[in-house]
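Below: one structure, written as structure tokens.
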């Protein structure tokens, strides 16, 4: 879908991005992560030409992005930013409808699309359509921001630290929503963040940048279990590495079927990390597990946490 | 089909009207005047007499002070305006010339100066003198037997209690107060003077009438209206210190050539405007607050210049 | 009981429930007793002798004390919507009553004085009128009505004054005699003043707004531009008018037939436009600069062209600031246009300067009051416009 080939960018004397090559496939959730100044935002902005690359090539669907008019390119990519940037003088509905209107959709189609997206993002259309951004909380505004980014049914969604300005609880909720939307729609998403937990939670592939270069690109499990160098392991966090690894898997993968034990059951979608927390709190070494319908699915043993994934 | 001819006729009519207006405007004589009371009076008299005599005018009265109006005339932005013969001394930097002290000599001098240098024509002046003067409260004049500036000079030098309200220009210009003092042998000290901003004789006369800050004498102009009504009397300039400022219309030569009857219409009017008449008319405007246009109209009707 | 007393004591004069109104009432009583309400003069030139308000309140006129008394009582009454509404009405009635009283006294005096005698409004009248108006306006503010309703109430409060003007009840006042003596001059001045203001605001907007847009985009342009405009602003208006006479006269000679003149409307308008540029350029630039950066970034990121972004995002969000700048500019131009009369441009300034030259203060007032009224009306009108343009979300 998107290919960066030896892309470089300098701002004056500073080299922001250096010989960066990356391929983003359709349906991936790629997270660009790194410290401040690592070039992650610049890389993202070069994709939709908010920043023009100096060297190398960037291809979108096989075509050099410079062959598109910038506006045409951007209308095919959703864009959500940390400051959200809703238009304060427009209602929520009009904000979301912005790109479809640019694309010339019919009014009917636009109205339907607006309602569909508001519902998708958990905002009841009847209640929220006519509100103004100033009447919404930060979390609600960013939901509208994401809805707006998705409104034109873009091929790829670009997000630049979209949840950075929100409180932790809202941030977590929205991360879950985004993960859900990604699973359901199969959209290609490229997100920039500096929060490793967010990256581990959401990404299908993490790209760690430092000083404009890729240090390691791989699945979350790869970065945790097989860090390329000390920089990577430092970045993902040495001290709670084990917990992070446990966070990547669910109870369903370790449950022993056919067994039974007393006690409050845990859902099989629970992460192993949260299961560990339950073991400690309840001071037991076995927990009953239920499936999605609430029927018993087996038992998970404390010792199973230490087993390697099959 | 019937619409088109009437539309064309309408368009022609509009064009003709515009042309006529434009033509009229092009031919209209632009009459200017100074912004003070007498300027407004003379300007309105001129406009109404010319209009009655069939000369189209464009009203540009009350333009500004002397400099602005004279500048406008020389630049060709107005065609004529009422000026004073005595001002010719300043227009041509000729203050020392004794000709300005006489109405006829001064008039002839400015007439020739302006005609040869700038192509401006001075028409027949009115037999009035709107020159600088010193006015004094009637009661003081009566008590101290002051009729002329000679008496005034003697009284001041003998230690008379006097306070004069005047403008800075009057006090400083060499041909104003200093000239009076030199000719009549008196000198006013700083505490005997009250300086007011601007050449506003209405303010100075008012100060003397109300004895503001002990003022009992005021700078005035010869044809000022309010003088008598406010209980002041003008002291005679027996030695003729001041130049004569006779009102006269000055007009651009080419405009006069185009409309020669201007001179003929204005001459009889100006002949009637002596000092007393001007004082009376000025008083109606300044004291009673009547509009200059109406005062001019009433006067012209009474004298038979207009119907 | 004790607690209540302590609380009231702690608040100072606990029985005073409305401090603003209290101050206005105290000032009003002082003005009524100490300043002349009207002055009577033998002619329009000399100053007259004053008559204070207490001397005038005989017979039926004493009814005027009723709204005044209510205002005083309201100082001690606990505030409520009803009290505020009644104060508004009382203030308006008092104002109308004061005007009527002045007119009535002028008529009474004129009946037995010479026709050139003048009865003028004294300092006491002006102070009391302003105080009454302030009391009404303050109470109206406390009612918390929408701007549209407030404007309506203001207009309604002015109706009795218009009625008094209309049926000639105050015609014997010196101010109105001056008007009567020169109605057509006044009308011409009014028309010309309006022309000057309109002829100034249009070019100022056409030149100033694009300059402001450019200044918002380019810091390099903004600095010298604002420096130049600031310098122009400091030049005294009369001096600027004078400075323009020579070059414009020269230009007029060079291009005859274009109607360029060194005096009159053109130089006045040019100078006024130069003065109006600073507030307009400044408010345009700062309006654009305060558009949230996030909105601009997301607008670009979602694919709006520069023009689309400008007209759909930047302009609507910058408009309130621009409008408030226009408000300031309009009031400034209306006032400054008075000076234009000095170079022959006409307008209300002509009346002001004629009045000054003839020491006739009521003629000066005849020129000044319409300018003040015009400025207030323009300010209120533009404020209403600004409120109506704001979307509810802001």
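When the chains are written out, they are named A, B and C in that same order, and each has its own residue count from 1.
The rule is simple: a residue touches a chain if its C-beta (ideal position, glycine included) is under 8 Å from a C-beta of that chain, and two chains touch if they have at least 3 such contacts.
Here the structure is a predicted model, which is why all the values come from computation and not from measurement.
Enquirer: Taking mean CA positions as centres, which chain lies farthest from chain B?
Expert: If we average the C-alpha coordinates per chain, A ends up farthest from chain B.
Enquirer: Quick check for you: compute each chain's CA centroid and the global CA centroid, then name the chain with the smallest gap between them.
Expert: Per-chain C-alpha centroids compared to the overall one single out C.
Enquirer: Roughly how far is chain B from chain C, going centre to centre by Cα mean, in whole Å?
Expert: Chain centres of chain B and chain C, defined by C-alpha means, are spaced 36 Å apart.
Enquirer: Calculate how many whole Å lie between the centre of chain A and the centre of chain B, each centre taken as the average of the chain's C-alpha atoms.
Expert: That pair's centroid distance is 89 Å.
Enquirer: Report the inter-chain centroid distance for chain A and chain C in whole angstrom, where each centroid is the mean of the CA atoms.
Expert: Distance between chain centres: 58 Å.
Enquirer: Spell out the residues on chain A that touch chain C in their complex, using ranges where they run on.
Expert: By the definition above, chain A touches chain C via 48, 50, 70-75, 78-81, 83-91, 98-99, 102, 131-135, 145, 148-149, 158.
Enquirer: Could you please specify the touching residues of chain C with respect to chain B in the complex?
Expert: Touching chain B from chain C are residues 43-47, 115-116, 118, 177-178, 181-182, 184-185, 245, 249, 252-253, 261-264, 342-344, 350, 353-354, 356-360, 363.
Enquirer: Tell me, which parts of chain C touch chain A in their complex?
Expert: 292-305, 308, 312-313, 316-317, 391-394
Enquirer: In the complex formed with chain C, which residues of chain B make contact?
Expert: That would be residues 35-37, 40, 60, 62-64, 68, 71-72, 75-77, 198, 200, 202-203, 205-206, 209-210, 226, 229-230, 285-291, 293-294 of chain B.
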